[in-house]
Amino acid sequence: MSDLLSSDDVSALLITLKLAGISTLILLLLGTPLAWWMARTRFRFKAVIEALVALPLVLPPTVLGFYLLVVMGPHGWIGGALQALGAPSLAFTFSGLVVGSVIYSLPFVVQPLQTAFSSIGERTLEAASTLRASPMDRFWSVVVPHARGGFITAITLGFAHTLGEFGVVLMIGGNIPGETQVLSIAIYDHVESLQYGQAHILSGGLLVFSFVLLFLVYRSNRSAALLQRRERS
Amino acid sequence: MSDIQFRFKLPLGRFELDTDGQFPAEGVTVLFGRSGSGKTSLLRCLAGLEQPRDAYLKVGGEIWHDTSRGLYVPSRQRAIGYVFQEGALFPQRRVINNLLYGYQRTPVAERTADFDQVVQLLGLQSLLQRFPMQLSGGEKQRVAIGRALLNSPRLLLMDEPLAALDRDHKKEILPFLERLHRHTHIPIVYVTHNFDELVRIADHLVLIEEGRILASGPLEEMLARVDLPISRDVDAGAVIDAQVLSHDEEFHLTRLKFAGGELLVTWVDRELGSDIRVRIHAKDVSLALEPAVSSSILNILPARVEEMQVHGRGRLLVKLDLNGVPLLARITRHSQHRLGLEVGSKLYAQVKGVAVLV
Amino acid sequence: DTLRIAVASNFMEPARELVRQFEQQSPHRVTLSFGSTGKLYAQISHGAPFTLFLSADRARPQLLEKQGVALQGSVFTYAYGRLALWSMDSAQDIEEGQILQSPDAFRYLAIANPRLAPYGRAAKEVLESRELWSSLQSRIVRGENIGQTFQFARSGNAQLGFVALSQILSLNSDKKGSYWLVPETQHAPIEQQAVLLKDNGAGNDFVEFMHSSEASNIIARYGYRVAGSKPDE
Amino acid sequence: MSDLLSSDDVSALLITLKLAGISTLILLLLGTPLAWWMARTRFRFKAVIEALVALPLVLPPTVLGFYLLVVMGPHGWIGGALQALGAPSLAFTFSGLVVGSVIYSLPFVVQPLQTAFSSIGERTLEAASTLRASPMDRFWSVVVPHARGGFITAITLGFAHTLGEFGVVLMIGGNIPGETQVLSIAIYDHVESLQYGQAHILSGGLLVFSFVLLFLVYRSNRSAALLQRRERS
Amino acid sequence: MSDIQFRFKLPLGRFELDTDGQFPAEGVTVLFGRSGSGKTSLLRCLAGLEQPRDAYLKVGGEIWHDTSRGLYVPSRQRAIGYVFQEGALFPQRRVINNLLYGYQRTPVAERTADFDQVVQLLGLQSLLQRFPMQLSGGEKQRVAIGRALLNSPRLLLMDEPLAALDRDHKKEILPFLERLHRHTHIPIVYVTHNFDELVRIADHLVLIEEGRILASGPLEEMLARVDLPISRDVDAGAVIDAQVLSHDEEFHLTRLKFAGGELLVTWVDRELGSDIRVRIHAKDVSLALEPAVSSSILNILPARVEEMQVHGRGRLLVKLDLNGVPLLARITRHSQHRLGLEVGSKLYAQVKGVAVLV
């Protein structure tokens, strides 16, 4: 029953990696300034923003996907606006998947970063300012090394979650092979159609691949952490 | 370079820094005051690290801060070197990368500090590959000094930089700072609560008390005043600028000349005629009506009593005039009585200890 | 042309086989997207780019037709699902579903959610006609679709399940267990209808192919009763 | 279409809150020592454990649920072991849901805690030791206040994620009303069965409730953070 | 209480602490040495904060650490008070909760420290509700001291506790520490690189150099040695234990008696007959062949030259014997020549400055 991977499976794999990669990148680009702002601001209504960021989490992914679909559809305000601008619709396209994944995974990226950012000592940042570092420079040279652990967490949670992401993607993607069918859906389809052999192969491969990736990430982080914490003895 | 003028109003909880003043933009200005008096706060205002309610700061003709006109030059554009009281090293960077942080960010043409020289002076060679966590307290402080120096500052702000250092290290670093500001004309603002350090390094002295400036002026003037709290310190005493007159090879002594006479001190390795600063503790000066004979005291100088101030019960601070040069002597009232001292008395100042400061 | 067909998950296997055959005799390429009927309906009504929709029920295709999303008059029945009561245990005697009356013989009975899946509604009808529906409430576990229902039973967690005949037929002979094919008289027909969403040549060609005897054979082989054939007793 | 909430919906709400509450509690009880160990140990193969903890993330929840179902079944090693011990099976029970949620949400709890724990200065802990604090005491009096932000992140991600959790729960729960039917499944069912009105009400309620909860948590955290960071000025 | 015996071998990167010794489990033992010499490392070993390769520590009869027998009493069971060089306050706790941390964890019966008294002494009243981030450097240090004292320690370990404090604060805290160990018999191990502090507070002195113990002994003995590096310090000098003989109300002077004669010092508010410690800097002692007349120098004592050691070119450290009590004098070779000094010479020591230490 378990033949080799079908070409659909292979393209699902590629699409998944592309989706996870692009989404993680966008999540970092969006999440980093957002987390920084939330860690530093004294804005009165910060808690509102924080709660909003975490909110997509509480809806079942399929339901979130459903609402996104409604919003992105030709009668929804995003879809309608895009249509009015002559831009292509987001629903059932790879771009739509990216948008959905980003919304759904945002809290996994923002929250660890925010935690890491708020533990940075004011003094260290001030020291960097007196040493001619611009805010951007300070961010790269002081904040990023300090928040290394937070970034690792953000990236692994964000990436892994997009790999396993399913409900949102299924809903707004439409499961179109070679376009919006990602690995998680392919596995799901195999399980649904009782092709357990292929499901096992795909799941196993995904697990091994992810394990190796995660292991490498954690190991590299570990050696850095060790060096830092050898304080005494 | 012209002056540094400032005015800062900075409320911090129940404390308020409320200062207003100026000091020369050359030499070393020491901020002196007790713990919690506002030294660090003032230094931070100078560095642009605080946002005071009301601020005005002009350094060498440039306005760095003026809240009334909404003007503010951020710290990173001030070309300062700041040594934090707590060190504030970058914990994730090795010592060498801490040192090079500002250096690499300084345009090559503006670099005035020499890496090897600074490392050598501060004895950091063997520490370069360590992380800050692996350093002793004093070692951290030396790295922090090095990092500030290597930022090629046009103004050096140092918050108790030598507090964790032993005398030997101080003896190496202080002269370097003195040379630094003499050769490169970098003004230094230096916070300390150590009287020795103050006298050693200061050209200008700013006394701070409860967030306010109590008095400010050139070191010699400030030290010769008998009305300031510092004159009550056991280490109170005058500072005298003199010139090298001659050397005595056999006994390894140097004779100095100043307006009030001559001083014999242990050998100072300087050319004849060069300028030199010496410090004479009030407690090292005793008074006599006639010059002592067969005593080990080398320096006995004619003087006139200019001012006397009672300091605590039974003790007296006497301001002497040695042909225009002020000198302080701390004596007991018993001695005053025995010698019959009063303002205008002519007598001899017996100087037991002379500390050469350069 | 590329023809995009949305297919209810339970018809995944026969749909693949149909496409294989179709592509051999036609210049058109077909991509299949699977999903639950409800999800596919939501997607289609929000502009998903499908030409043909093979639903697992009658309601959604007719709704789409009524809403004007589908081509008027294009709804047709392509298969009738066959409900079976199944146990993994090949020694189990479940003929005529007598076992349902003996509560000691099983802990859980898996059915598809009657509100979501026609197989579930049929199962509910069978139980109701035997007046077991309320008494078995605490033993009934509901799958969201017939695929999940089958997994409940196949993993052994539910000892019995009302599943689709097509699912049992796809098992290796040594794993077929024992089953009772529920006569279609005991429940309303599980009518699976299709509807055309776009009027193009490829779509019409495929609909025509669906009506061919070749297609009917494939559908029947996978355990469905073909439209037009007689319901069995 | 949108009548008031059915009694099933209400019991789904209660079960969801119970599940999220219990899971979060267990996650904290398990995750805290695990995170502490991972933040402090110099164990060579720590990265292996770290990667394992994050691994459940990469599988689609439904697929993960499927494997859990298999493992919990009478032929799986957990189900088999439980059966041998005479213990009741986990599948289709509330306990099973808890197990599934805990496995799936573990990385969301462990990772933020680990990040927070590793930024605690050795010196502060040493100070506490010299001040008569036992390791437990140190943990409560020094580590917890320091890692406050990490705990907030862990709890909100863990709780919110369990609220929205779906795939795993769907699979191992069996959707038994009053027992394993959680809110996310109820919403899903409404969407699938085109009862959009009820879906909107439930989703809206869940969103508002979660928003208020998250907002309160974040606001309380904010005031503490502000106090700390008023360093100067 | 018996002695504190220890042996630690602790490798730290390229540095190794390798110490072995003992000091009395009473009074103040000062660890003195330059930056990076291993003072903090030794103190941490005593506190049980390090896991040395080889360790043995016995305090007042109890064994706290013995790697050879696998014995180790954790820090929390040692009832110590540790003042960290960096302060190490709990950043999330207000000052009052920092102070009470150890206090609350001490069984009521074992509490020896009084909260109000400690707060009062360290001037912390107005800081109690602040967070550590809102304190100045010196304020942090005072809180750290208070926290350690309120732990009701049986052994107090202090790592440069006064380094960030001004002289006024030191003047309040040092006597308190002295009283503390005198009244409660809590032994104190105290790290400092400040000579004044050392002389002021130490009963016992341990000199550390590059991770090893160079010399160790009672303060008086150690200070009277002319062969140790500390004798080259400008602040080198002897410490003399004396008794109050009489008070002179009029001139506010007190006359002290010691084996080598009498000393006249400014009023000391102590009863007749009470013990008192004074310090006489080598640089404050001058030598004369005959007692000076009409000088403000009050104290002129007959002495005998016991040992002379050349310190640097042109300078000499002379160890005098005043009827069995050692006294150091630093003079120039010029003076030596003029006075014709040699071992055994009888002469007069003119003491310009006498610092009363209690």
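Read from first to last, the chains carry the letters A, B, C, D and E; within each, the first residue is number 1.
What we mean here is this: contacts are C-beta pairs under 8 Å (C-beta built on N, C-alpha and C of every residue); 3 or more make two chains touch, one makes a residue touch a chain.
All of these numbers come straight from a predicted model, not from anything done at the bench.
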Most distant chain from chain E by Cα centroid:
C
So, comparing C-alpha centroids, which chain is the farthest one from chain D?
B
CA centre of chain B versus CA centre of chain D: separation in Å?
60
Round to the nearest whole Å and give the separation of the Cα centres of chain A and chain B.
56
Geometric centre distance via CA averages, chain C-chain B, whole Å
91
Where in chain C do residues touch two or more of the other chains?
39, 42, 148, 151
Name the residues of chain A that each touch 2 or more other chains.
62, 66, 123, 191, 229, 231-232
Would you give the residues of chain B that are in contact with at least 2 other chains, written as numbers and ranges?
12, 49, 86, 134
If we count contacts the way the header does, which residues on chain D are in touch with chain A in the complex?
42, 46-48, 50-52, 54-55, 57-64, 66-67, 107-108, 111-112, 114-116, 118-119, 122-123, 149-150, 153, 156-157, 160-161, 163-167, 184-185, 187-188, 191, 199, 203, 206-207, 210-211, 214-215, 218-219, 222, 225-226, 229, 231-232
Seen from chain C, its contact residues with chain D in the complex are 36-39, 41-42, 63, 107-108, 110, 113, 115-116, 138, 140-144, 148, 151-152, 155-158
Chain E residues touching chain D in their complex are 47-49, 74-82, 84, 86, 88-93, 101-102, 105-106, 131, 133-134, 147-148, 151
With touch defined as at the start, can you tell me which chain D residues reach chain C in the complex?
66, 69-70, 72-76, 79, 89, 91-92, 170-171, 174-176, 179, 185, 188-189, 191-194
Contact residues on chain B for chain E in the complex?
12-14, 33-36, 40, 85-86, 126, 130, 134, 136-139, 142, 159-160, 163-169, 193, 195, 233-234, 248, 251-253, 264, 266-267, 283-284, 286-290, 292-298, 312-315, 331-335, 337-339, 350, 352-353, 355
